[in-house]
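I am attaching a structure below and will ask some questions about it afterwards.
In order of appearance the chains are A, B and C, and numbering begins at 1 in each one.
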Amino acid sequence: MLQLYSIENIIFALEIVGTITFAISGATLGLEKGMDLMGITILGLTTGVGGGIIRDLIVGQTPPLTFRNPIYLIVSIITSVIVFLPPVRKWIFSKSTLYEMLMLVMDSVGLGVFTVSGIQAGYAATSIHGVILLSFVGVVTGVGGGVLRDMMAGDRPYIFVKHFYASASLIGAIFCTVLWNNIDQRIAMTGGAAIILVLRLMAARYRWSLPKANPDRNTSDS
Amino acid sequence: MLQLYSIENIIFALEIVGTITFAISGATLGLEKGMDLMGITILGLTTGVGGGIIRDLIVGQTPPLTFRNPIYLIVSIITSVIVFLPPVRKWIFSKSTLYEMLMLVMDSVGLGVFTVSGIQAGYAATSIHGVILLSFVGVVTGVGGGVLRDMMAGDRPYIFVKHFYASASLIGAIFCTVLWNNIDQRIAMTGGAAIILVLRLMAARYRWSLPKANPDRNTSDS
Amino acid sequence: MLQLYSIENIIFALEIVGTITFAISGATLGLEKGMDLMGITILGLTTGVGGGIIRDLIVGQTPPLTFRNPIYLIVSIITSVIVFLPPVRKWIFSKSTLYEMLMLVMDSVGLGVFTVSGIQAGYAATSIHGVILLSFVGVVTGVGGGVLRDMMAGDRPYIFVKHFYASASLIGAIFCTVLWNNIDQRIAMTGGAAIILVLRLMAARYRWSLPKANPDRNTSDS
């Protein structure tokens, strides 16, 4: 029973949740762009495992974990195929409030999980454990899959458009690193991921946004 | 004579063919986009050596082979400059049936070669030789150069638009890995590359395509 | 006093100049695209440290230096925030001759510095010191941050549009490598960077351009 709540198991379970939600976001974007089954699966897979691959390349963990332990890859492929099934895709295209809510929550969980797992990989790979460095690795891991997804699909990356996405990841990453250095790894990872989830939900509820420069100058860009 | 047909020589010859054809596809896209000689060479070079560089970064072979053995790099540059020569580019822009046929065959050879060379690099780098993992490394290597080319030129990657491109690479990759584990490396690589070539030619001849979701919803996207 | 002019100090000072100028170019593009403060900072950071990260991934230096020594990262972030300040951004949007001149000079310094620092990293990482290989690593390092910036912002990379940008980097890289092998490292790096700066300024002054194919065919593309 203690085994079940080990830090490894918690991270693994959270990473699977994150992989599923990221794969859904990639496959759904593929659907919206009119791609075929293979394109949808590639985009789902890229989004699902992309953040982890970027993390592993940066910390020098080659071949990336995705290639050693195929579970993330298989989960991403199955998720993408399920998204393609007519009843599922019909429900996705309905853009119901439930769907929008679910996607917001799941995507925020994914952002939180990959941010803290990136920090964990950073701790394992380097001997200098500064807040700035580890937070940066965390954010890159958290938003990397989504950036790859948008660049491949020809959209401007989500992180430049969606207010308080990378910002939430950054705040959670700093929180996680400070707690890690001063209290406990398990509390740090759970707390960091939880803060990212809460910040994202509050940002969506209260329509938070960051300052922009001369918005009227850039009307052609929205 | 036996030396000539060694597995290393066969792979090398096939990789040179692949490099030339990928460089042509990159340089031609540069021509079509109105780039100058340097832009055309950069795009030809990226397409020619990009798949191999991605493969080497993933399996942890740094600096990538391209930087140790400059032959692929030199071949890509010379190919790009030849594509730029007025008689050659005039012939390319004529879009004759012969040109289209040649490009289809050569691009399919390149896809086949880089897919199986990616699998070979995957075998050399990891001790776990599962079909899923190795196939994935193979596909990433096969389609990577073309994805970089399209992302840099501002087009949606070919693999999302061209039916049965990544799919052919995937089927050949699985075939190659299964044969490699059960029969012989040489047969596996030749057979895998050949299957990819045949699938691509049949897909072009019979206009194969994969299922798409609600194509009428996405008319603005074609 | 000698210490001050050591090769390490010269490289470091030049890299900081390069990081600042690249961060300005990224943050300014973010401003022009109507991004918020976080988006502007991400784009400034990507441009400022992107070339160095690509260089380190290619030569196998993981985690990249940026993650070990946070100075480049901090400089990029501070620069991006300063660009966002109303008086600064007003001056940038004025597009005065002084601003255009400053950006040309500083961007050219950045291109020169990162090209030669890429060559230095290439020397340290490989035992084969051929001109072609090292020049290529240098050019990739020099133009990499800008290519990442443009791909993330959804623009066609600068190197395909701006005449004599990658070409200047390439000529300086070859010059640097030849001098390095035959004379002295310090002269090679200073000379290589200086040649890139001079070539860029002359190209801007005399409007150099490379041959293009059938420009009238591609009017829709400019």
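Structure notes:
We adopt the following convention: a residue touches a chain if its C-beta (ideal position, glycine included) is under 8 Å from a C-beta of that chain, and two chains touch if they have at least 3 such contacts.
Chain identities (UniProt): A, B, C = TRIC cation channel family protein.
All values derive from a computational prediction rather than experimental measurement.
If touching chains are joined by edges, the resulting network of the protein chains shown connects every chain directly with every other. A rotation of 120 degrees, rounded to a multiple of 5, brings the CA atoms of chain A into register with those of chain C. Different-residue interface: chain A and chain B share under half of the residue numbers found at their contact. Mean C-alpha position of chain A lies 30 Å from that of chain B. The residues of chain B that reach two or more other chains are 57, 60, 151, 154, listed in rising order.
Across the complex, chain C meets chain B through its residues 57-60, 122, 125-126, 128, 130, 132-133, 136-137, 147, 151, 155-157, 159-161, 163-164, 166-167, 170, 209-215, 217-218, 221-222. Only residues 30-40, 42-43, 53, 57, 60, 62-64, 67-68, 70, 73-74, 84, 86, 89, 93, 151-154 of chain A touch chain B when the two sit together in their complex.
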